[in-house]
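The two complexes that follow have subunit A in common; it is paired with subunit B in the first and with subunit C in the second.
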Partner chain A sequence: MSTKNIFHLAALAALVILVQMGTAWTETGYYLTQLTMIAYYSLLIIGLCMLMGYAGQISLGHAGFFGIGGYISAALTSHNFAPYQSNPFVNFLISNGLLVGRTDLYGETLLSFHPWPACIIAISFTFITAFIIGIPVLKLKGHYLAMATLGFGIIIYRVVLATEAFGEADGLSEVPGFELLPGLVVSGDFDARIENYYIAWGFVLLGIVLLLNLTNSRVGRALRAIHGSEEAAQAMGVNTARYKLYIFVLSAVFAALAGVFLTHYNGGVGPSETGIMKSVRYVAIVSIGGMANIWGPLIMGVILNFMSLRGLLGSYDDVVFGVILILVMLFAPHGILRLNVWSRLRLFFFPTPAKSSPLKENQ
Partner chain B sequence: MTLLEVKNLNCYFGGLQAVADVSFNVDEGMIKAVIGPNGAGKTTLFNLIAGNTIPNSGTITFQHEAIHKLSPHEIAGRGMSRTFQNIKLFRGMSALENVMVGCHIRSRAGFLASMLKLPWTRKEEKKIWENSLELLEFVGIAEYRDVDAHSLSFGQQRAVEMARALATKPSLLLLDEPAAGLNTHETLEIAKLITKIRDLGITVLLVEHDMSLVMDISEEIVVLSFGQKIAEDTPPAIQKNKQVIQIYLGEDDA
Partner chain C sequence: MTTALFAQYLFAGITYGILYAIVAIGFNIIYNTTGIINFAQGEFVMLGGMIAITFNALFPLPVAIILAVMTTMLIGAAIEMIFIRWLDSPSVLRMIIITIGISILIRELALHIWGESVRALPYFQGNEISSVRILGTNISPQVLWVIGTCSVIVVCLSIFFKFTSLGREMRACSANRVAATLCGIDTKNMITFSFMLSAGIGALAGCVMSPITYTQYDGGTGMAIKGFTVAILGGLGNSMAAVAAGLLLGIIEAFSISVVPLAFQDAISISILLIILFIRPHGIFGRSDIARLKEF
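Moving on, here comes the complex of A and B:
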């Protein structure tokens, strides 16, 4: 990893700590709840950034993958399997410790999946789904790909709305916390707020490290090559279909992980999390952040999600993201952080062209 | 030793026969050129060999293996590399990074190994980096290694494309109009470079418009006209060939 990246990571870690200390000092700890949720959304956003910015493919179905992760984990950890104890398969799960007993709010004993196996099942299911969807869909390009993934998102949304086990329009609630390690629980517990803030941002930092490693590797170069010229990438021996599929699956897994953790943190999940507007929102954030750079979408994601979660955008929440998408596509297709505001201003006031590289003269 | 064997190759686009029953061989270690007027089917022939287009009939054998049904990346993996007439460098990547992509098939770090940055991938990365830099030196533009490939001059971009193709360690290099858009001086440089590549033991097959380049460096020439092969010979013989003169200069009424 380059020193620049290490510096950025250290700066992010320092900022995370400073913000927490700031909220403790000003007694505004309630902000940490939104900042924790933002961290999990960021996990999805950096994954989507890899797909869109690096490999140059679009997905309007990532809220669907988020939903698959969240819903499966929620259903498995909150449904009571006690009535099926006589079933040999359920019995097998109990004897292997995959199903555990716990007491609900009303003092009744429930038998449901431990969050770890639930999470693994949710991620595996996402993995397989993304693979099966990705093989035919990634043969498409541009807006055809956008429409196909949009279709996938709609399917997930309608399936969730229509399935009783997923709570239909109400979604699932009373989802227990996710005990990652003994004593380390992802949950919305008031007492564990600071701890959860750090867990969430820890995941984001880990995710960034993994993805930065990927971008600066043989695989990362191949993905950028596909973005640059698919034909030339193939001529260099890059199996473009396979790489597009793998990065699609990887970004889907990031989305599903975000779904799993946020669901356990919120203690529930609703159908709106899998909706089209959520997918549009993620695409808008990655676009405005400048796609081919993990930090831009991360920063824009934090700012916009914070405004949205604090209700600063009011009822026009989704409108804002739609408008952002239009404006970005029209005026800043490389993201607003790459508009080179300073050089533009300088050119505006001092219209002499900046000294250009001598290499450009021949063009 | 025959490296590439094209046999009775046919390719139609609708009613147009772009390549008609073309056969020729490329022997190991030579520079061979395919020439012909505009629309003669040269680029189509190239796309057929590189796997971008599937022929309607006929066979292409590379190192004793039929390749006409393989996809481009599989063909690249078997030791054939190419450049493009309208340069196709990777946007947003430096000259060096472009060449590093060329090392793709000769390295193996996958998604997981790359994400976890396993110790052996560091060694592989270092080797890729050194190898690519060496190739940039070979084509004479190592000083621009960190410059965005798209902001280089046309001739330099061509050189990057060649270095990138060489990074795949090919036994056959296909050059699609390597002198297109270059001035006389740059063309001369490219000619020297192509000869240098041949001296490395890499066989070169090129499509070219620039007659001086073709006559100077190639050992054998295939002439195409309206998709058909009308001649295959050494440069001096081609220069004297009546049919070739006719298609290039028109009917001789005198």
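Moving on, here comes the complex of A and C:
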């Protein structure tokens, strides 16, 4: 990893710590709740950024993967398996410690999956789904790819909405916390707010390290070649289908992980999390941030999600996203952070471009 | 299954199928002249219904519908002029995101103008309980209105594209834009006109379906996806095939209710879309060698 990336990561880590200290100092700790949620959404966004920015493949179905992760984990950890104790399979799960007992609000004992196996099942399921869906979907291009992924998202939404085990329109609630390590629980518990904030951003940092390493490897170069021109990449001996599938599955797993953790953090999940608008919103954030760079979408994701979660946009929430999306795509298709404001202004006032600029472009 | 029940499903299938076909033709018209899929196509259907309901408070029904169609056509033209006309050969990804943005914008504006409530135009003839007896089953006269109007639209469009000079110019535009420009056809105006036309027929479909399916601010998305499925099923750009594909999808959907729960109806039609995309992306009636030359 280059020194520049290490510097960026250190800056992000420092910022995360500074923000926490700032909220502690100004006694605005309630901001940490939204910042934690934002961190989990960011996990999804950096994954999608890899798919859209580096490999150049659009996905309008990522809320579906988020939903698969969140819903499976929520259903397994909150569903009570106690009535099925006589079933040999359930017995097998109990004897292996996969099912654990806990008491609910009314003092009754519930028997449900421990979050770890539930998480592993959810991620494996996402992995398999993304793999199976990815093989045919990624053969498509342009409009067809967009519609196919959108269709996948809608199917997940419809299935969730129509399945009783997933709570239909009400979604699932009373999802227990996720005990990562003894004493370290991902939950919306008021006392554990600061811990959770650090856990969430720790995941984001880990994710970024992983993705940055990937982009600077053989795989990353292959993906950029695919983005540039799929035919050319293929001619150079890059197995385009395989690399596209890898990155699709990877970004789906990122989305599912975000879903699992956010569900345990919020203590519930609803069908709107899997809706089309959510997928569109993720795509919007990635495109606004400028696609071929993890930091742009991350920054825009934090800003926009913060405004949205704090309710600053009111009932104009989706309108704001729509307008920003259109404006960015019309005037700055490479993202607003890549809009070279200085050179634009200079060109505006002094129409002859400076001598050094063409050289800089080549570098 | 009794004959009456069979006829009931069949009519439901034809009604929805021909509506999907109309939306699909809207997709095709814009796709043919510009090479882009207008993801906001479903919003034209919703707008048509909503505007007609608003005008219906002031004018008699036929006038309200004509005004609604014309207003939606103007909106379609305005969208093209503001967002698309001045873009210089934009990438497909960029156009997808822009049209999705436009559809969000229209939907949310509709939410702020008309609210969340479900509305409907009055029945064109009779009311909710009046019925016509055909093939041993009772169907609403509105169903006949839908089938009739949509058939007229299809016939008029094919006459328009075959026998009028404007229609021929639009076809020239879709065949080869550069050559059309060389022949003195103003391709930019043709694109604006294609947006108007597809907004107009979308709006008309929205008006005739409103009494049966109701109109709500977010109703456009579902129609757009079904319409797109049908457009793909028939082969993108082929309007006559879209009618056949629309009827096919509508009838499959209607009969699927007798097998699986209603809640999964959308999932079924989208699964059909996915399967078609995977195995025959050029559509049932399309030719693969032609499709390969096109840019999706």
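What we mean here is this: the second predicted complex is superposed on the first by the 355 of 363 C-alpha atoms of A that agree within 3 Å, B and C clash if a C-alpha of one lies under 4 Å from a C-alpha of the other, contacts with A are read in each partner's own complex, and residues count from 1 in each chain.
Heads up, the rule we're going with is that contacts are C-beta pairs under 8 Å (C-beta built on N, C-alpha and C of every residue); 3 or more make two chains touch, one makes a residue touch a chain.
It should be emphasised that the depicted structure is a prediction, and the values quoted were computed from it without experimental measurement.
After superposition onto subunit A, partners subunit B and subunit C are found to sit side by side with no clash. When both complexes are overlaid on chain A, the residue A:L262 reaches neither subunit B nor subunit C. In the superposed model, A:A233 makes contact with subunit B only, not with subunit C. Of the two partner chains placed by superposition, only subunit C is touched by A:V283; subunit B is not.
Using the contact criterion defined above for the overlaid structures, shared-chain residue A:I154 touches subunit C, although it does not reach subunit B. In the superposed model, A:Y246 makes contact with subunit B only, not with subunit C.
Once the two complexes are laid over each other on the shared chain, residue contacts for A:V175 go to neither subunit B nor subunit C. When the two complexes are overlaid on their common chain A, residue A:I299 makes contact with neither subunit B nor subunit C. Residue contacts after overlaying the shared chain place A:I68 against neither subunit B nor subunit C.
Remark: in the superposition on chain A the angle formed at subunit A by the CA centres of subunit B and subunit C amounts to 80 degrees, rounded in steps of 10. No C-alpha atom of subunit B lies closer than 8 Å to one of subunit C in the superposed arrangement. Within the complex, the subunit A residues that touch subunit B are 1, 210-211, 213-214, 217-222, 224-225, 227-229, 231-240, 246, 250, 292, 357, 359-363. For subunit C in complex with subunit A, the residues that touch the partner chain are 36-37, 83, 87, 90-94, 96-98, 100-102, 104-105, 107-109, 112, 221, 225, 228, 232, 261, 263-264, 266-267, 270-271, 273-274, 277-278, 281, 295-296.
The touching residues of subunit A, counted against subunit C in their complex, run 56, 58, 60, 136-137, 139-144, 146-148, 150-152, 154-155, 158-159, 161-162, 276-277, 280, 283-284, 287, 315-316, 318-319, 321-323, 325-326, 329-330, 333. Those residues of subunit B that touch subunit A in the complex are listed here as 50, 52, 71-73, 76-77, 81-82, 84, 88-93, 97, 100-105, 107-111, 114-117, 121, 124-125, 128, 144, 147, 151-156, 164-165, 167-168.
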